[in-house]
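Think of it as A, B, C and D in the order they're written, each chain with its own count starting at 1.
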Amino acid sequence: MDFAHSARARELIAQVREFVEQEIYPAETLHREQVEASGDPHHHPPVMEELKAKARAAGLWNLFLPDEEWGAGLSNLEYAPLAEWMGRSVIGSEPFNCNAPDTGNMEVLAQYGTREQQEQWLRPLLDGEIRSCFAMTEPDVASSDATNIRASIERDGDDYVLNGRKWWTTGAARKRCRLAIFMGKSNPEADTYRQQSMILVPLDTAGIEHVRNLQVFGFNEGEGHAEIQFTGVRVPADHLLQREGDGFAIAQGRLGPGRIHHCMRAIGMAERALELLCRRAAGRNAFGTELARQGVVREWIADARCELEQARLLVLKAAWMMDEVGNKEARKEIGMIKVVAPNTALRVLDRAIQLWGGAGVSQDTPMAQHWAHLRTLRLADGPDEVHRLQIARMELREQLANEPTDPVATALAPAHG
Amino acid sequence: MDFAHSARARELIAQVREFVEQEIYPAETLHREQVEASGDPHHHPPVMEELKAKARAAGLWNLFLPDEEWGAGLSNLEYAPLAEWMGRSVIGSEPFNCNAPDTGNMEVLAQYGTREQQEQWLRPLLDGEIRSCFAMTEPDVASSDATNIRASIERDGDDYVLNGRKWWTTGAARKRCRLAIFMGKSNPEADTYRQQSMILVPLDTAGIEHVRNLQVFGFNEGEGHAEIQFTGVRVPADHLLQREGDGFAIAQGRLGPGRIHHCMRAIGMAERALELLCRRAAGRNAFGTELARQGVVREWIADARCELEQARLLVLKAAWMMDEVGNKEARKEIGMIKVVAPNTALRVLDRAIQLWGGAGVSQDTPMAQHWAHLRTLRLADGPDEVHRLQIARMELREQLANEPTDPVATALAPAHG
Amino acid sequence: MDFAHSARARELIAQVREFVEQEIYPAETLHREQVEASGDPHHHPPVMEELKAKARAAGLWNLFLPDEEWGAGLSNLEYAPLAEWMGRSVIGSEPFNCNAPDTGNMEVLAQYGTREQQEQWLRPLLDGEIRSCFAMTEPDVASSDATNIRASIERDGDDYVLNGRKWWTTGAARKRCRLAIFMGKSNPEADTYRQQSMILVPLDTAGIEHVRNLQVFGFNEGEGHAEIQFTGVRVPADHLLQREGDGFAIAQGRLGPGRIHHCMRAIGMAERALELLCRRAAGRNAFGTELARQGVVREWIADARCELEQARLLVLKAAWMMDEVGNKEARKEIGMIKVVAPNTALRVLDRAIQLWGGAGVSQDTPMAQHWAHLRTLRLADGPDEVHRLQIARMELREQLANEPTDPVATALAPAHG
Amino acid sequence: MDFAHSARARELIAQVREFVEQEIYPAETLHREQVEASGDPHHHPPVMEELKAKARAAGLWNLFLPDEEWGAGLSNLEYAPLAEWMGRSVIGSEPFNCNAPDTGNMEVLAQYGTREQQEQWLRPLLDGEIRSCFAMTEPDVASSDATNIRASIERDGDDYVLNGRKWWTTGAARKRCRLAIFMGKSNPEADTYRQQSMILVPLDTAGIEHVRNLQVFGFNEGEGHAEIQFTGVRVPADHLLQREGDGFAIAQGRLGPGRIHHCMRAIGMAERALELLCRRAAGRNAFGTELARQGVVREWIADARCELEQARLLVLKAAWMMDEVGNKEARKEIGMIKVVAPNTALRVLDRAIQLWGGAGVSQDTPMAQHWAHLRTLRLADGPDEVHRLQIARMELREQLANEPTDPVATALAPAHG
C-alpha cells in the first residue's frame, strides 16, 4: 500500500485548496443571495459561472475524469484529496465541473458511449454547458435491490419506449439539465443481472412529466431531487448505452469512482466542521471557562480527529485498490467506505453543530445542510444495511475458505454444531 | 410513586387521541398545501382555525394550564399523556391552544401577571386570538448561562427603555403574534440572579426590527424563529412582570412544565415514528424477505420500544415529582428528562427514517421535520452538556452528603487521595 | 401504574439496606480471605453462616418467596428494592437465603412440588441447610431455543433414566449442593412445548460426573458453574415435577420472578459502582484538578444517573405488571428488562472502572467481578438478541393489530408495498 | 505515506504467521495445563522453552529490536504486522522473545545503557534467560501524570537509596524475573520534567518486598502484575541509567515503539476473535437458521471488519511516521492509536464473546482473557481520557495556528466572542 502522491498531484492539491479557500468560501453568501433573489431554489446563479471560468482558466477542470483523452487522467488515489477539498463547500464541486451526478454520467459516456453519443452529450457536459441526471431509483420498490426495478424499456421498431416512475433523480430540477440516463428493464425474462438496460433520454422528449422536487430535511438542494413520470417516452434505438442487458454492469462500473468522490467529499465536510468547531470553541466562554478548555469539548475534538483520520485512510486504501487491482477486487473496500465515511462525518458534524448551538442548525453555517446531505448519503446507492450484508458475506467467504488452524475452532465446531 | 390516572384524565386521553387520529392527521396535507399556496411559511391557514373550533367545541382547550381559574386545572402528570398525543403531529398542539411558546407565556401571565396584564394579554391568548413570543436567547453569548444576558431594560421616567438583540424568538414570525415577553438586565449591579427583569412588549412598539427568520435544518418552522433587534424600545413601567430583579426567578418557574410538555411531545413524535417504522416494515420486501422479518429491523424495533418505555417513565416520574414536591425538589429529574427525551426520540426517528429511505428524509413523511425539531431541542433552554453538568453536581452532592459505609471507599480514599 | 410501597415494604427496605451496609460490606474482605485460605474457590466460609444467622434473627429471611405459607409473601414490586440492595455485594444475597439459583428452585418446589418433595427438599433449602442447582443449559446446542435440548429422561419401570451433558449448572460446585432440578426430553415425539420434563435428582446419585467448573472472565465464582455429565442416572418416578411434558411450562413460570431479581441486583451493582465513582472522583486529582470537577467525569456521572433511573423504573413497571396482570401479560416487559438492566449496569460499571484505574480491574474493588457477572447475564437465559427478537415480534403484532389512522401509512403502504 | 513492505518483511510475516498457527495455537492448551499443574499461575512451563528454542532456531528472535547491533533492525512499520500475529495468542510473544515489558526494557538498555549495563542485563534478556520488570506506576497517585510520582531515588555516597511503593509492576511475579527498572524522583526541586531518574535494581537486593499480585478481572496473568514495596533499597550509583533527571525523557522514548506493539497485538487479538466469530457463526443454528445467515450477526461481522481495517491503517500510519519523522513528530498519531486500537478490539471481542455464549466468557476460548487484557490497556500508560486531552490540545494548536479563511469563522468569531 502506497498512498504517496506524485508531484503533479501534490501541486493540484495545493491549487484546489487555495481555490476553495480563496474563491469558493467567500462566494457562498453571494451564491445563496443570488439563488434566493431568483425565487427558484434550483436557480443557476451568475456567480457560479464566474467561479467556473476562473477554475477552468487555472487548469482546474474535469479533474475527476480518469480518461486521458477526455479528462485529467488522474488515478482514484490522486483525485481523492481534491474531492475532499471540493467537498468542503456545498458549492465546491461545480466550479471545477466535478459535481455529481454529472461526473458519474460523464464517466459512463466516456467509457461506454459511442463516438456520436460522446459528441452529442459528453462534450457539452465536459464544457459545463449543460447538466444531466440519472434516473434509476423508484418510489415503489426497494431500489437497493436492482432486480426490483419496474421501469420498462421496450423496443418498438426503430425506437425504444420508456415507462415508469423515478424519484431522487438528482439534477433534474435545474433548467440547464438536458439529459437523463434512464435505467429500466428491457429483457424481463433474461437472467437476473441481464434484464436491465440504460438509455439516453433528452429531457424535452414527449411523455416526461416533472412531478415535483423532493426536499432533504427541509432543504431544496440546489441540483434538485426530482420525481419524474415517464409515460410512453419514445427515443431512437441508437440512444441505448452499449447493448440490451448491459444496464446492470454499467451501473456497477459507475459506482466505484462515485463512492470515492462521495466519501472524500463527506470527509471534507467533516474537516470543515472540525475546523469550525475548534475556532468557535476557542472564541466563546460558558460558565467562566473558554469552551476549548472544557474536557467534554476536548473529547469531541479528539474523537473527531481519531475517527476522521481512520476514515480517510480507509478511503485512500479503497482508491489505491481500485487503481491497482480494479473495482471488482476492491468491492469489499468500496462497500466499507460507503458505510464508514458518511457515518463518521455525521458524528463529527453533530458535535460541531452542538457546539455552535443555534447557529449550527441554521443557515448561518454550512453544517446543517451538510448534515442533511450526509444523512441522505446513508440511503443513496443502497442503505448502510445492504452494504453491511455484502461486506459480511465477503468476509465470511474469505474466513471460511480454509480449514481452521486454531484448535479452539476445530475442537468446538464439530462438537457444538 | 403513583402514575395512575384519574377517570377524568383517562377520558381526556381517549378524546385527545381520537381527535389527533381522526381530525389532525388527515388535516396535515391540507395544512401544508394552504401554507405553501400562501407563499409565506409562517402563514396561519384556515384549516387551523377549523381545527381549533372543533377542539374547543369538544372541550379540549387550554388543557395545559394548571390554573383552575383560567385553565383546565390538570396536574403535570395528568397533562403529560395529552402532550404526548399532541406531539405526534407538527400541527398537533395549536388546535388545542396548547402550543409553545404561548403555553409558557400564558402560564407566566396567569401566575405572575397583574389583573390588568391578564385582561389585556392572557384572555386573548387563551381565546387563541393572538399569539406571543419569548425574547430571551441572544446571538452573541452562551445564553444557557443566564448571567451572560446583555439586553438591557432601563428605567426612564414612567417608562422602561429596552435595547438588545434577540434570536430564536420563537413565534415572532407569525402575523398574529402581538406580544413579546422580553428578558433583559435591569439591575446589572445587583446579585447575579437578581439582575434580570421580564417585561411585556407589544410587538408594534417603535424600535422593534424583525431582522430575519432562522431556519432549522432547512425548515422554516411554522411558528418562526426570529432574530429581532430592539433599539430604544419604550414601554410603560406597568408592563413589567412582578418587580425589578424577578426575571431570573420567573424564567426558572416557566421552565419546569415546559420541559414536561417538550419531552412528552418528543415521545409522541417517536411513537409515531415507531408506528410508521412497523407499518412500513410490514409492507415492503428487500432481497426476498419482508423487512419486518429481518433481524436488523427487529433489533431496531425492540431497542426503540425499550428506550421509549424508559424515557416515558422518567418523564412521568418528573411530572409526578413536580406535582408532589414542587419544581425545586424535582430539578434533577427535570434536568434528566431534558437530556433523555430528545436524544431517545432522535434515535428512534433515525431508525425509522433509515427504514423509510428516501421518503423518510423528504416531505412525504413527518419524520425529517420532527427530527430537525428534536435536534434543536438538544440546544434549546441550554445544550445537553449544561444539563449534564448540573445533574452531576446534584448527584455528587447527594452521594457525598454522608460518610461512606463501604470499606472499599473508606479504605482507598485516604491512601490514594 | 402505582409504584408506591406499603409501610411493611418501606420498613424492610430500610432494614435490608442497613444490614447490607453495616454487616455485609464489612464482611466482604473476611469472606474472601476465608475462601482463599481454604484453597477452594467454592468453599462455604464460616462468616457466611454468621451473616445468615444474624439476618434470620432479624427476620430478613426468605423474603424472595411470594408464597405466604413458605415465604414472606411479598409481591414482586415489594421485593424488587430488596433485591437491589442485596445485589450491591457479591455475597449480598445468600445471608438472606435469597441467592440464585436456589431462589428459583425453591419457587418451583413451592409452586409445583408435591408435599413429599417439599418436605424433603424445600424445607432444608428454606432453612439454608443445603443448596441446589438447575441443570438446563447444554454445551452442544443453542439452549436459548428450548426445543434444542438433547438431554433425555426416559421411563424405565418405576424409575426415570437420565442422560445428557449440562453446563453452566450454577451452584453445583459447592459441597453443600445436594439437589439438581434436571430438564430433559421425556416425550420427543410430542408437541414442541410438551416434549420436556423436569425431575429432581439427588446429586449423590450414581452416574453423575462433575466434569469441571467454568470460569467467568477468570473468576471462579463462589457458587460455581459446573459442567456435569449425566450417564444412565436412575431416579424414582415420583421425583418428577408435575407430569411428563410439563417441563417447558415450569421453566417459563420460573423465569419471570428470577428476571426481576437478576435485574434489580444488576441495578444494585451499578448503584454501588456509581457511589464508588463519585467518592473516588471527589478524592483524587489529576493534572491539577479534582476529578469530580472535570467535565468528562461529570458527564459519566450524569449519564449513569439518567440511565439507572430509567432502567429501575422499567424493572418496577415489569414487577408491577407481573403482580397485577400476571407473567404472561407482562412478558414483553420481562423481555425488555432482561436486555436493558444488564446492559445499563455494564455501562455504569465500565465508567466506574475507568475512573478507578488499576484498582478498578483488580480485586481491590468489587467492580471487575460485578462486571464479569453482568456480562454473563447478557447470555444467561438467552442472549440479548433472542429477547430483542421476541420483543419486536410482540411490538409488531400490537402495532399491526389495527388499521392505520395515519394517512402517511395508509397512502404509502399500498403504493410501495 | 507508503505502507508497502520490503521483501524481507513479507517473508518474516509469512514465517511468523506460520509459527503462530502451526506451533503456538496447538501449544496453548498444554501451556495452560502445565501452569495449572504447577499450582503457580506465574509458572514458566517447559513448553515455553521448547517454543523459544524452535523460534530462535528459525531465526524468529528479538525481531522487535530496531537496533541493528543487538537486534533485527526492523523499522516500526516492518515489525507491526509481526506484532499483530504474535498478539493473536496470550502466549504468542514470548516464544519470539518479544513480550512486554521485556521488549521495552531491552530497548531502553540498548539505547541508553552503558556497555557494562548492557553486558550484565541486556545480553541475558536478549538470550531469553532472565526476565525484567518496569516499576513506574504507583497506587497512591494518578500516575498518568508523571509529575505525581512519589518514589524517591536519593544519592548516599557511592549508592542510591530507593524508597516507594509501586504496583502494576508487570513481570515481577515470575521467578525468572531478575531486574527492575525503577523510576523515582532524584531531584524533586528541579524543573518538572527533570526531577525523575531511572535506575537498574537487581530484584534480590535487600529492602524489596513483593507485597502481592494483582488480578485482572479474575485472571492471574502469566507475567504477573505485582505490588512491590521498596524500603531503603541500596544500589551502586553506576546502576543509574544516563544521568540524574533523565528519567522522564527515557520514559517518553520508551513509549512510542511500545504503543505500536500493544496496538498491533490488540488488533491481532481482535482478528482472531473475528475469525472465531465467523467460524462459530457458520457452524451453529438457532431458531432454524444458521447464525451466519442472521442479519444481526452479519452486521457484527461487517462492523468488525470496517473498524479493524481502519484501526490497523491508523497504527500503520503512526508506525510509518515514527520511522520517517521520529517519535516526537508522531506523538499525535501515537496518542490516537493508544485510544483507538484497544477500544476497537474490545468492541470486536465483545461481539465474538456474545456469539460464543457461555464458551466465550469461559476458559474454553481465549476471548475472555484477551478482553480483560485489552480492558486494562485502556488504563495502562494513562487512561483514554488523558490521551484524548492531549490529542485535542495538539489539534487545537494546529487548527488555530493560522487565521481562518472561512468567512463563517471570521464573521462570527468577533461578534459572538
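Things worth noting here:
What we mean here is this: a residue touches a chain if its C-beta (ideal position, glycine included) is under 8 Å from a C-beta of that chain, and two chains touch if they have at least 3 such contacts.
Bear in mind the structure is a predicted one, so any value in this text is a computation, not a measurement.
Fewest steps needed to get from chain A to chain C, stepping only to touching chains, is 1.
Of the two chain pairs examined here, B-C and A-B, the one linked by more C-beta pairs in contact is B-C.
Chain B and chain D have Cα centroids separated by 51 Å.
Look at where the CA atoms of chain A average out and do the same for chain B: the two points lie 37 Å apart. Chain B and chain C have centres, each the mean of its CA atoms, that are 41 Å apart.
In chain D, 139, 284, 295-297, 299, 359, 364, 385, 389, 416-417 are the positions where the chain touches two or more neighbouring chains simultaneously. Residues 139-141, 294-297, 299, 415-417 of chain B are the ones that touch chain D when the two sit in their complex. Only residues 137, 139, 142, 144-145, 148, 167-168, 214-220, 225, 284-287, 296, 353-354, 357-364, 368-369, 371-372, 375-376, 378-379, 383-386, 389 of chain D touch chain C when the two sit together in their complex. Considering their complex, residues 1-4, 21-22, 25-26, 28-29, 272, 274-276, 278-284, 292, 295, 297-299, 301-303, 305-306, 309-311, 313-314, 316-317, 332-333, 336, 339-340, 359, 364-366, 385, 387-389, 391-393, 395-396, 399-400, 404-409, 412-413, 416-417 of chain D touch chain A.
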